[in-house]
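Report on one structure; see the data block that follows.
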Amino acid sequence: MSRDGITMWLTPFLARPIALIGLCVLLAMVIAAAFAPWLAPYDPYAIHPVSRLMPPDAVHWFGTDQFGRDTLSRAIYSARMALLIGAGVVLFALITGIPIGVFSALFPRLGHVLMRMVDVLMAFPSLLLALGLIVILGPSVANSIIAIGAGYMTTTTRIIYGLALRLRAETYVEASRSMGSGTGWLVVKHILPNLISPLLVQASFVFAFAQLGAASLDFLGLGAPPDIPSWGNMLAESRTFITRAPWLLFFPGMMIVLTAFSLNLVGDALRDRLDPRFRDVFSGEG
Amino acid sequence: MTTTILRVSDLKTSFNVKRSGRKYRVNAVDGVSLSLVAGEVLGIVGESGCGKTTVGRSIVRLVQPDSGAIEFKDTDVLSARGQTLREMRLNLRMVFQDPYASLNPRRSIGDSVAEAGDINKVFTSRAERAARIAETLTAVGLEPSFATRYPHELSGGQRQRAGIARAILPAPAVIIADEPVSALDVSVQAQVLNLMMDLREQLGLSMLFISHDIGVIGQISDRVAVMYMGRVVEMSGARSILDRAAHPYTRALMAAVPRPDPSQRIAGAIETGEPPSQFNRPAGCAYAARCPLVSERCRAEVPQLRPIGADDKVVACHNL
Amino acid sequence: MLSVRDLTVSIGSDAAPVDIVSGVSFDIGKGEILGLVGESGCGKSMTSLAVMGLLPQPGPRIRGGRIELVGADVTTLQPWQRVEAGHGRIAMIFQEPMTSLNPVRRIGDQIAEAVRVHDGLSGAAAWTRARELLEQVRIPDAALQLSAYPHQLSGGQRQRIMIAIALACRPQVLIADEPTTALDVTIQIQILGLLRDLCNRLDMSILFITHDMGVIAQLADRVAVMYGGRIVETADVATLFGEPRHHYTRGLMDCMPVRNLGARRLPTIAGQAPRPGTIRTGCVFAPRCVAAQDVCRTATPPRLALGEGHEALCAFPLDAGRPS
């Protein structure tokens, strides 16, 4: 991407400070996940029965849990799980959604049937769908991704289907067809390139909702194994101590809210950037 | 001396349209026959919904006609397959109306211009491809450096030049131009029309020029076909249409063209009616309800094209 | 009826404003049709929106000048303030009538609503007035069409409906922004005829905005030619078409295909219209002008008075009496 391209993408964030904050929070999360062993002050698994349920102080900034483990360290390590689940769900939604959506738009006969099936899936609340799938598949990180991803695959497919239908009717697609292009050419040269921007927006929202979904599954004990640090697991383990050690719920809870909120801010900013009505304003044209 | 390069015979195309919950079958093109002589420009003029665009789109196989035949140099276009089809695709090319919608915003101008060549594997090397793009851009009056630019960096006129470049790389035998200058400002429109006239001479193109604008049609065409409600109502040499319009509809059309001449100003209300609904076609002549010459026969029987007077004029009217 | 003086509309910050309309002045007399003609981006639509008090917010704003409607200064008034102050009798019609009509309400209801707002009539009285208005815009079977929905009507009929709604406030001034551009010519001429007819019968003034010199010649009494945010030439219609003095006016007429039928090449105006704010010194048309001298690029051209009501913004105007 050229320098101009980068400035163009950054403009919506610069024009809107709160979106910039969202971007920074996300960046912090990625850094936390990548450098957890160096950033975390303690071993997140180390048990210290002596210092159980310590309130936040200068030694343990976020306090300690019922096993004396450092909450800050566990919260930092949890960013890894959060990113893994988020990226996994987004990938799952795109890998299933793009082929189904694009195919359905280009081949309306079969597409109609496919989209009705997607509609049926859409009728289930996403958490209920996730719970049902976990019951069938069994709890694990990979299955959490599939279970949550199934819920967002439907909305993603719908969006792709709608966009692809519109793109198929574009004059430049007609021009290409009139010169003899086949389906493969249309998809690779005309449809996919024009899907990238809207999908980026969709991905940021799916990523945000995946955080909430994963936290819910973990909280119910149906997500990642309990010893793996994740914000949902931390909430689940500490819920019995809500009166004695409220910080145990406060910090992971805050992390979930902050992450989901930041992603939504970024998604909003991206959408504004990509909405043609605002595009000219941002690129200084028109 | 005159060889027919493209022949359309009794073309009929209809669409399913849903309106207020009911399905209608609309006959967009209802038995059109045209022939294009090598090197000539045949203008098709008519108002919205007359089927002129559908004729063009049928020729490049964007819509499937119900019946009728389209022949390019004696080869059937509609049943062409494989190598023959590829040859058709490269020889029958289309220029579209909207210069904003007809270029993919995510593809560079060069990629768009080279698209027909890329699809049909015309270029043997990257260097050849780049050279042909540069040469074509120059031919339409754009700098070769435009190849790396994107549509949003171009003005409307420049985009339409790029759209024309896409239609002439590699050079076709026939261009079907569907309202190519309608979306442009007058001053730019004149530039693009001049370009099309120049290219026609340089490349020996034949052209089917579709427009609602009788001024533009009269400027560029050798012969003109006037369409109304899916049928050709009059066809003859361009001058003859402009100066000696015969069909009552053609005459109404000519009279309605706003001429830049203040001596023929509108003094008051003019009521000449509207075309009938496409969903509810009258039995006889589609123009009967608006026609000053209407007779009983017009409401019952569809008039066929027949020669009238000199200069190969054919008119579909009972009362001339 | 309508008087605009030195109207300047700008976008961008106050520190670095970009004028999209600069120093535009015109008057429209009672029962007169003023044609405002220019190509896309010349500022003609912005001028009309500013006159209506309908500039999009946020965005362009009036930075200078004065708009007088029937003698009252309405420059800074919002449309509702104009109505309250009694200066509200100006109406506008647009290019695409479908976007201005509510698709799920009957035509009659939509006209009656306008009648209710302006005449305070209700129920059957409003409905009767709505029918009168439809008859005024010459819709056949007016009583029947009142219960039709917008999608059941043709483009030409929809534009007639918009005119009927505009007439509901008994406007003294009607602004018509490219009202026939989306219509076929045989329908266009009927709408033009209707506007001329209404102008004659109701003694209404019309500001008619278009890009089409042909339409201007057929309809307007006087013409203002706009280019790059400025009015470059004004004259009565016969003078303007008979003896255009500005090079842009002349170029615009010359490149019309209908005037060059059968010619091998059309005369053109080289280049393309400038983006607002790109030409800051000299004449806006200088880069495309065949007669441009060095001074045109550096000094603002004078507004030459060339005859009664005939002005051109040009240092080296075309000769008078040269037939176009």
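Letters A, B and C name the chains as they come in the text, with residue numbers starting at 1 for each one.
What we mean here is this: a contact is a pair of C-beta atoms (placed from the backbone, for glycine too) under 8 Å apart; a residue touches a chain by one contact, two chains touch by 3 or more.
Since the model is a prediction, treat every value here as computed from it, not as a measurement.
Enquirer: Treat each pair of touching chains as one step and give the shortest count from chain A to chain C.
Expert: 2
Enquirer: Highest contact-pair count belongs to which two chains?
Expert: Result: the chain pair B-C has the most contacts.
Enquirer: Look at all chain centres (mean of CA atoms) and spot the one farthest from the centre of chain C.
Expert: The chain farthest from chain C, judged by C-alpha centres, is A.
Enquirer: Where the centres are mean C-alpha positions, what is the separation of chain A from chain C, in Å?
Expert: A distance of 51 Å separates the two centres.
Enquirer: Distance between chain A and chain B based on Cα centroids, please, to the nearest Å.
Expert: Chain A and chain B have C-alpha centres separated by 49 Å.
Enquirer: Quick check: how many Å separate the C-alpha centres of chain B and chain C?
Expert: Whole-Å distance between the two chain centres: 31.
Enquirer: In the complex formed with chain A, which residues of chain B make contact?
Expert: Against chain A, chain B makes touches at 60-62, 85-86, 89-90, 93-94, 96-98, 101-107, 111-112, 115-116, 119-120, 152, 163, 166.
Enquirer: Which bits of chain B are touching chain C when the two form their complex?
Expert: Contacts found on chain B: 47-48, 155-157, 185-191, 193-194, 197, 212-216, 218-220, 238-239, 242, 252-253, 255-272, 274-275.
Enquirer: Name, in rising order, each residue of chain C that touches chain B in their complex.
Expert: Interface residues on the chain C side: 39-40, 138, 154-157, 184-190, 192-194, 196-197, 200, 211-219, 237-238, 240-242, 251-253, 255-269, 272-273.
Enquirer: Touching chain B in the complex: which residues of chain A?
Expert: That would be residues 170-172, 174-182, 185, 189-190, 193-194, 196, 285 of chain A.
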